[in-house]
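The same chain A turns up in both complexes below, where it pairs with chain B and then with chain C.
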Partner chain A sequence: MDFYIDYSVITSSLGILFHALGIDLYMTLFSVVLGTLIGLVVAFALVSERRIFRILSGTYVAVIRNVPLLIIVLFIYFGLPDAGFVFSEIPSFIFALTIYAGAYVAEVFRGGILAIHKGVGEAGMAIGMSNLQIIIFIKIPILIRSTMPALSSTYISIFKDASVAAIISVPELTFHIRKINLETFRTIEAWSTATVFYVVSCFLIAFLLRRVERRVAIPK
Partner chain B sequence: MTERVLEISKLHKSYGDHKVLNGVDLDLNGGDVISIIGSSGSGKTTLLRCVNLLEEFQEGVIKIDGREIGYSNSKGKRSKVNNKQVTKDRALTGMVFQSFNLFPHLSAAENIMLALRKVQKKSKKESAEIAQHWLERVGLPDRGSSFPGQLSGGQQQRVAIARAIAMNPKLMLFDEVTSALDPELINEVLDVIKSLAVEGMTMLIVTHEMRFAYEVSKKVIFMNDGVIAEQGTPDEIFKNASSERLTAFLKNTRF
Partner chain C sequence: MSTGFFNELWVSKMMIFRGIYMCIFVSFTAILIGTIIGVFVGLALTYGNIFTRFFARAYVDIIRGIPVLVLILTIYFVLPVIQINFTALQAGITSLAIFSSAQVAEMLRGGLQNIPKGQTEAAKAVGLGFSQTFIFVTLPQALRQVLPTWVNTAVETVKGSTLISLIGVVEITLVMQQIIGRNFLTMQFYALAGLIYFLICYSIERGGKYVEKKVAIK
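Presenting the complex of A and B:
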């Protein structure tokens, strides 16, 4: 049997593959935005003076970070319907990925909060700002700017992790590539295409995030 | 302007078992400038932080314009006032820190405007005008759009003074505001404080700059081991120091 390369099976499905990539981006965007909001709240809970907040947030982060994403996805996809909550594949996966992202983002933000000079918050107090105002107008803006580089790499990881959705048959990129592989046996063509799609996407996302990073950076 | 602005009586403060303030009594009338000197660890910073309610204290009363701040005493029982009231009471005093503590993500003008807008609920336009007024007042009329990272230490500290005073506090507290500065930048900051003194601002100033304390103060306080060990006019303290402790302290400082 001769070995040969034939990308025609790929070129004929390019439209589908781009659409599938769109689904990955869509799920990532949702999870990253929601996960960042969750991460922000959880991070402040992690450093809170109230023990109960620390315990609850600490448990969430510890559990999520020590369980494979695949397990979280399967748990939510198969477990929630048993508990009476029925979601279709994509919302179910977004839910799982959001919870997952929240824990990682929370850790990034926690580091950022600890790095904010204590005096900055005290200066806010001294001019009569409430704790909530200090968090909203001082700490969060500093935090987002200072953690942007670390956040970027977390977001890119989350994008790659969206491929796990294939396991519950979300018609995203990895799912389709695998399908092409199984139907045509063009294994090398299929997975090399996936590689190129992911590398180029990640590169573009990184490029965009770097621009955001530069725009929000604290002027020196 | 001779009404009593600040009244501290029998102030005691400890961190755990460590007593830091051991019964401090101190009064300031409107327009008074009082400097506090004393060796490291004598409790100067802690005293200012108590007045600004950045620290809790176990005993004693601090009154501003005749009203107790931070705590309430009803039927002989002392309790902390709620957070909202603490925030309000704290706004009565302006505090300037050794480490400037400007908000790094905001321009100089925005640093001044933030609390004017969010705390005093002033309009953006009015806040900007007040900010510009104070920037001019501290000698930085055209640095409003600069960020803290783009300013020298002396400039940052002057913005910090403007930020505190723009809130129109009853009393300004300065905690070694020139200690983190290069020598050549110290005077520009001290000059701003002197000009505020001339204008009648009520100020409590912790400093290691003895000549400045001598020139600007109506009264100088020497703290030692958490108490006011000695107090008097600048001449009494610097020229006719009587106690051994004060003499020893002054011998180790530049004048």
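Presenting the complex of A and C:
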């Protein structure tokens, strides 16, 4: 075949690529932290005794989980300015990714809440804790510890979804790889680099989260 | 800007229908091909010897380790370089099929390995061979177990199909962008796109739940 492999275009821009990966991680971290907070609140609303909370949170989760991230991103980035909300690329993408993450995290937590033994809440009540205290001091710690494995896989897919930011020109990894591809035509080199970057980052994130999981796991 | 949303909607109804058709066609084909490939990869993961297991594991982990967007762009840009001339549509279907095959393989492995050992031992005891055990004993149980995840993969594939608008396949997202480029009703038409995707994905999810209930062991 009439092509040759030449990674010099990649090695000369490694600095930019790592910086771009940093932007991905930064957006992921923001969205994961905010999304987890939203997810917690929504999850308790999902199992609440008040019908209105259940309906509102259920609608949020069902809608966000069944609408592609790209549509949410385009709606927020191109649509909301019409209504007077103007964000620049990165904040608007973080906003979209946070909303997206919130629904997935809520679903994970919902399962976790239902799995918490009833006696735990009753024990809290018996020592005179209010409902809010029971949730904050008893249920949430148990919840986070028991759902950590499912949470980490959600976090990893949020990291992968951060690549969608390339579409609204956030200078993150996929964006730069695509730029290198289009400017130099070193196609195989560019996309194999993207693969290595993403696979290795996912592996490292999974490794770190597995350590956290082991640390917080509830002893049997 | 002078014409209203519904007027614009009426003018562009055929475009939208074609977009919906394209989205469903792409997703359906991708899920079908992906499931077939995924079953073989999943079998290699579970029953293969060390070499097939290694390659299947590498395939699944690499595909699951990169974002769908990167997978789509990689397939679209790399195939022509190695002298495979696919249209954007074929490249899009290929990449979504590869994406779903990795998901299917992983969940099938999980499903097959979760079946208690006693089942295969019982099958052996009544004299069933490997393929008979697989077809009559392990597969039906594994299928029932992986159904929810499989439905999830189908929804993920439909959602992933929005990304093939990037390589120029005229499905719902790209149709909406074309319409918006003409009339600037950005919010309305992206919201409409969201609604259409919601209806497609939600019906898949509901359908899955219904089948799940039907095939559940009582």
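We adopt the following convention: the second predicted complex is superposed on the first by the 219 of 220 C-alpha atoms of A that agree within 3 Å, B and C clash if a C-alpha of one lies under 4 Å from a C-alpha of the other, contacts with A are read in each partner's own complex, and residues count from 1 in each chain.
Note that in this section a contact is a pair of C-beta atoms (placed from the backbone, for glycine too) under 8 Å apart; a residue touches a chain by one contact, two chains touch by 3 or more.
It should be emphasised that the depicted structure is a prediction, and the values quoted were computed from it without experimental measurement.
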Partner chain in contact with A:I218 - chain B first, chain C second, else both or neither: first
First, second, both or neither for A:H117, with chain B first and chain C second: first
Chain B versus chain C as contact partner of A:L209, first or second or both or neither: neither
Touched partner set for A:I135, first chain B, second chain C, both or neither: neither
Touching partner for A:T174 - first (chain B), second (chain C), both, neither: second
Partner chain in contact with A:I90 - chain B first, chain C second, else both or neither: neither
Most chain A residues touched (candidates chain B, chain C): C
Chain B versus chain C as contact partner of A:V9, first or second or both or neither: neither
First, second, both or neither for A:A126, with chain B first and chain C second: first
Doubly contacted chain A residues - partners chain C and chain B: none
Complex interface listing, chain B residues touching chain A: 52, 54, 83-84, 87-88, 90-91, 93-95, 97, 99-105, 114-115, 118-119, 147, 149-150, 160, 163-164, 167
Of all residues in chain A, those that touch chain C in their complex: 1, 3, 62-63, 65-72, 74-75, 78-83, 160-164, 166-167, 174, 177-178, 181, 187-188, 190-191, 194-195, 198-199, 202-203
Chain A to chain B touching residues, read off their complex: 117, 119-120, 122-131, 133, 137-138, 141-142, 145, 218-220
Complex contact set, residues of chain C against chain A: 61-62, 64-70, 73-74, 77-78, 81-83, 155, 158-163, 165-166, 173, 177, 180, 186-187, 190-191, 193-194, 197-198, 201-202, 205
